[in-house]
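Down below are the structures I want you to see.
You will see two complexes here that share subunit A, one where it goes with subunit B and one where it goes with subunit C.
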Partner chain A sequence: MSDATAPDDTMVDREPDSALAAVLAAAKRSDLGLVVLTLGLIYLGATLLTFTDGLNSVVGLLRTLTFLGLVYALSTLALNLHWGYTGLFNIGVAGFMAIGVYTMGIVVRSPDPAFGPPGFGLPLPVGIVAGMAMASLFGLIAALPALRLRADYFAIVTLGLSEIIRLTLQSSTFDTALRETLGVGTGGGRGMGMPQNPVRGLFLVDGRAGDPTALGAAVFGTLGEGGLGISNNILIGWGYILVLAVFVVAFYVLLERLGRSPFGRTLKAIREDELVADSLGKNVDLIKIKVFMIGCALMGLAGILWFGSQGNVSPSPQFEPILTFYIFVAVIIGGSGSNTGSVLGGIVFAAVLFEGPRRVGAVLRDTIDAPTPPTFGDAVAAADPVGLLAYATDNIAPLQFVLLGLVLIFIMHRRPDGLLGDRIETAAAVDLTRREGGERDE
Partner chain B sequence: MESIELLSPAALREHPGLAVVAAIGLLLCVDLLAKLAGLQVGPLGGSLSVARLGSNLWNGLVIGLVIGLAGIGLSMTYSILNFANFSHGDLVSTGAFTGWGVAFVVAAAGSQPLGALVTVRDAGDVTPGAIGAHVLSTPGAIVVGLLAAFAITAVVSLAIDRAFYKPMRDRGGIALLITSVGVALVVRYLIQFAYGADRRGITASVDGDTLATPLGVSVTAHQLTIAVAAIGLMVAMHYTLQRTKLGTAMRAMADNKDLALITGIPAERVVAATWILGGGLAGASGYLYVLLRGTIQFDFGWSLLLLIFAAVILGGIGSIYGAIAGGLVIGLVFTTSTVWISSDFNAAAAFAVMILVLLLRPEGLFGGVSTA
Partner chain C sequence: MSEPAADTDPEAADSPVEQAAQRTPSGLPLRVDGLRKEFGGITAVDGVSFEVESGSLTGLIGPNGAGKSTTFNCITGVHEPTAGDVYLNGEAITGLAPYEIAQRGLVRTFQIARELPEMTVLENLMLAPKNQQGESALRSVLPGLRGGVVDQEEQLRERAWETLEFFEIDHLATEYAGSLSGGQRKLLEMARALMTDPEVVLLDEPLAGVNPTLEEKLLDRVDDLRAEGYTFLLVEHDMDVIMHHCEHIIVMHQGQVLAEGGAEEIRTNDRVIEAYLGDDL
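Up next is the complex of A and B:
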């Protein structure tokens, strides 16, 4: 314990003792290099896992991993503004995302749809802005009274609010009431179909399969079914990933600029000592409300880019509190307070903890030549380790969550600052810990 | 009594939020009376039978007792170890699964395959009717199961503390809270791995299950069992805290940790006792909740957690009597809110009450008396 938390454990100042460590150290100094290196390692692992199934499977898996990595990076960046910069322990992320997605859906959906609840039928950009504004408004409603609370109470209030939002969206009574008053609906427990992803429209005329645009024809002809044999949907997915990447960069730049501005320094001061910030004449409450609203708007946008691009949304299971905890784990893995860490945490979480285990489990399952026992009880009763292994690899989903929990506990025990937590930005504009001569603090 | 002073005019002037809440509460009471009398006065009133209100109240009382029982443990860990334990709900599930496994074995070990009984009907193909677990037909099995739920969950809680929380005793509440989220994931999904993911029936149906119907409210044998068991455990807890040396030490730790340590109270032993009692009560409440509902699912404890938090916060963190009272309030809100709103919103109403209390009176309805 003690040696792990000692200040000299940060890898940055240490002399690299091997070539690999030197590469890692160099990558760590360059944020982009670090992200690219991580993505490269993940791609390598994914390729090794699926290359026997052909190019289409490899590209498909890489698409899934990259999509999840980027949407988690977006959500993690937004939460980092709350938790990492300001120390606001918001565990209602799923609720704010749901508000963003549902508002966008209601605003954009056709007033007279073939099936599902009606909407206002406005253009998509209006819907996205409305979704962000509504998420931000709910952030204000949550923040106004709750910011005076202790961190753990604040957490419980935000969790309770996100559950109230989810239960309301799920309620058929609310759906009916909304239809009667505004003429729009949420779809209740059945959920709501999302407007067509405009990226799909770039490749396909009106999004119809088999009717490619000029761009679509060119891409599908060279890389797709007319060329390398990658399925068209996977290629369209990659097109959307480019859009997501632009948003990740935009979030990153926005938060970095925000973090380095005088406003950002105040945020960090609040995180470190609220009383001091207050005593120095900063309007702590107002700043907290502002930053909470900005973060909630970004969460709404992240929700729209994530769930709004996926066809259908429903309150359960998509916006259950577990989603918030996934995002939290990603922030903590990356190290709260560091934007690069957040991006990295999102990507690592999505690939290694979220999507990785089930893929590895499936591959392992294929190598075991034994029938799967129907239940754990049968597997134990048979006292056959092969059967037990077959059961475990076939039921990798619960074990994956166990692993997730253990990783979270391990990080809190051994490395509470996360992968890049040593780079947490202090409130001071200059580095107060800098010393002459590089002597060790023992 | 502070709760009476709370309603005095001066107090209301000081807290306008409270005044609004009190006014709404008063309005709802008037409305309820009008509904019962069958009067319609403008938007107020309507019709509501005494039997329906009575069964709402009785069901709320029973659920409230279970939630309050679970809340005792959460309140104790919150005040003695200083963190909001997000794995508490999964301790509730742990007690339910292990306790019902034992109860099934005691009830039907001779006639049904053991694997199906221990895994609470995950393995094998055995119906709840064939096992026949019901307090009227197999009272011994139900009681043994309850004791097993308490004991096994106590051991599990203690083991979790040793493995995960003990190494970080000196850390802050938020770090422990995040760790407890990890523990919750580990426990919940180990339960799913071992017992399967599907929701399934547990109790058998027995003739003559409804014991009495005062005022048209049916009182079932299981509801009565739960009320007796929960109140019994609460009374036992009261005597443990008030009359034993260990209980005094626990209250001292909750009240002022540094002072307790200076006076030579063995901190680790008190912490162990907290986990044994708090975890055990969580397990027992999970077992009783399944007895009430008749079904079990691996994540039911997690979905109860926010209601348990609501109860603890309502009563004031650290007070076990507050947790019990808070549990009753939450249970009653949960069931009687359906008089006014759709049952889609009864959980939301309970959370809303919790948020209101946190905002208006964060020390709890009963004024933050710690474990006394």
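Up next is the complex of A and C:
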């Protein structure tokens, strides 16, 4: 959030009409403010939805929404480097995330586990670096033959690769072959258990429930079961959210620096017109390979931070192409090309479009005192709005896709550039609106 | 200082090496030798040879389908020639990739202006310079190295502003290139090409769709730049422009060089008149 504190003099200062308008105007002026404001609105909505169930439910829902928002923000930021900056139509995001988290699992898992496939038993940081490197390597493998292809063919190659990765990880033959050659395994369709989240170790000695560390005892005593009554697992979840937030900021700073540089300028030029970049002496193929590998490494890391913290991973349904689709929707909502937009898009998608409808649907269903009609036909034929609502809220998961489609159509129609797509993201390390003595972006 | 090497000795001027050197004087920025390009069974360019003098404005004309654009594309690396060679300052650049040719100092503009629409005019210009430190992803990210990148960016920004002033489009600096008019885009293209520090600039119909006032401005800029030592090769349909501004004109017809010379020679050349007006006359 490099320009969060810098005054934005491209904005015309107007007298705000109301206090709310003033807050909105102030939030718009700083990227961090915009993210905080969005989160605040989501928190407000979630609190209103669940406050009757008590503090534990509210904090638990906020934890789920924040976790999803942040992991989507990470994935969206990584995809924004490919699609938003460079115009690389990568629809194999799920595959690169799977490579990252599976490599981490294989490297870190114990060579002689109580159950599940064996691993190399190396420390977690080694596993994370290996996961990123392996995702990057797979990016290279995809990029070498495919980047010379036109955008749509490139998309098909990446989609194919991601499905090959998923089906290979699911295959028990591959699992057996790995065990026989390297002595490690993927677990096939059953998947593998992930190493213990180190954040849990901060709160609990060796991660055992009921055996808190000093920090754990202090937190649990004040906020947890000894105090406000929030469950220990939710508190540990919030601890991990702080870690995720640090990674979101790190991704953001990294990508902003990449974008606001001659490198970012070349990426934009490749997105706009490859032949022009080529004719001006830029080695387009090499730059595309580089940026693809960087983005894939970030996707691998996002996969580790997301699925690696979930206890168990399995190829299906976690890494099906729908995941890539969701991440693309988040990029489009936020506005491709804008990093702040990517963070916002990830949070808004996860909370409002992905998790929100299920929660709202469940709460609404509880308030309706009517049986659910067995089929959609029955619900319509009865011509009873209560029955229809009962049917809709009971079947919110499939209807969610209808909502998603409507939102996408609305965005494409009314705001095709996404929430922040209209912003000018300068591709230079200096302020281009000033000629001399401009503020340095360093 | 040591003795001069044998091959620079005046007395050795008649040696085969020296004779060969005279045939390919290093003072020639651009030389095309026996260029040939076939597409399947069609020969678009059929043994074209010409030279472009340093600091000159050389015109390349010919009726539609004469092979001008293919020649252009073979020189700039977009097409790989079937046969023949292209030399830039005496060094063969035949078959190199477009970016390698551009890095060696030969840059082109496009017939239909190819501005980068969603980048500002300044970004368009600052993209072009060669050897930018910040083109390395690592340098633009690592804290210790980014300072150098920022310093270079400040110099580039100043140069970009100066170039925009030279072309009198500095008032558009922070506009998106996509919002420029057709003529302004042509100016932007030329400005961007100059930011690469080229030795030879290939202009592909820079005046197509440009109004007369802007046309005059563009040609004035070319004249100024020639005085500074830039060399231009110009493909153009407007005969008036070619006849009035180019000291050397190459006429192509059916993939071959039909005639070559000054404006007066070309104007009175029967074969040129025939090619342009048809055989029936």
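One rule holds in what follows: the second predicted complex is superposed on the first by the 389 of 442 C-alpha atoms of A that agree within 3 Å, B and C clash if a C-alpha of one lies under 4 Å from a C-alpha of the other, contacts with A are read in each partner's own complex, and residues count from 1 in each chain.
As a convention for this text, a residue touches a chain if its C-beta (ideal position, glycine included) is under 8 Å from a C-beta of that chain, and two chains touch if they have at least 3 such contacts.
Note that the structure is a prediction, hence the values are computed from the model and not measured.
By the touch criterion defined above, A:268 reaches subunit C but does not reach subunit B.
Looking at the shared chain after the overlay, A:146 reaches subunit B, while subunit C stays out of its contact range. In the superposition on chain A, A:257 makes contact with subunit C only, while subunit B stays out of contact range.
Residue contacts after overlaying the shared chain place A:284 against subunit C, while subunit B stays out of touching range.
In the superposition on chain A, A:276 makes contact with subunit C only, not with subunit B. After overlaying the two complexes on the shared chain, residue contacts for A:406 are found with subunit B alone; subunit C is out of touch. Of the two partner chains placed around the shared chain by superposition, subunit B is the only one that A:374 touches, whereas subunit C remains out of contact. In the superposed model, A:52 makes contact with neither subunit B nor subunit C.
Once the two complexes are overlaid on chain A, none of the subunit A residues touched by subunit B in the first is touched by subunit C in the second. Against subunit A, in their complex, subunit C makes its touches with residues 76, 78, 97-100, 102-103, 107-108, 110, 114, 116-120, 122-123, 126-128, 130, 132-137, 139-141, 146-147, 149-150, 153-154, 157-158, 161, 173-174, 192-193, 196.
Residue ranges on subunit A touching subunit B, taken from their complex, read 1, 89, 145-146, 149-153, 155-157, 159-161, 163-164, 167-168, 170-174, 325, 328, 332, 374-378, 381, 392, 395, 398-402, 404-409, 412-413, 416. Across the interface of their complex, subunit C is touched by residues 254, 257-258, 260-266, 268-269, 271-273, 275-284, 290-291, 294, 424, 426-430, 432-433, 435-436, 438, 440-442 of subunit A. Listing the residues of subunit B that touch subunit A in their complex gives 83-84, 115-116, 118-119, 122-124, 164, 167-168, 171, 173-175, 177-179, 181-190, 192-197, 306, 309-310, 313, 341-342, 344-345, 347-348, 351-352, 354-355, 358-359, 362.
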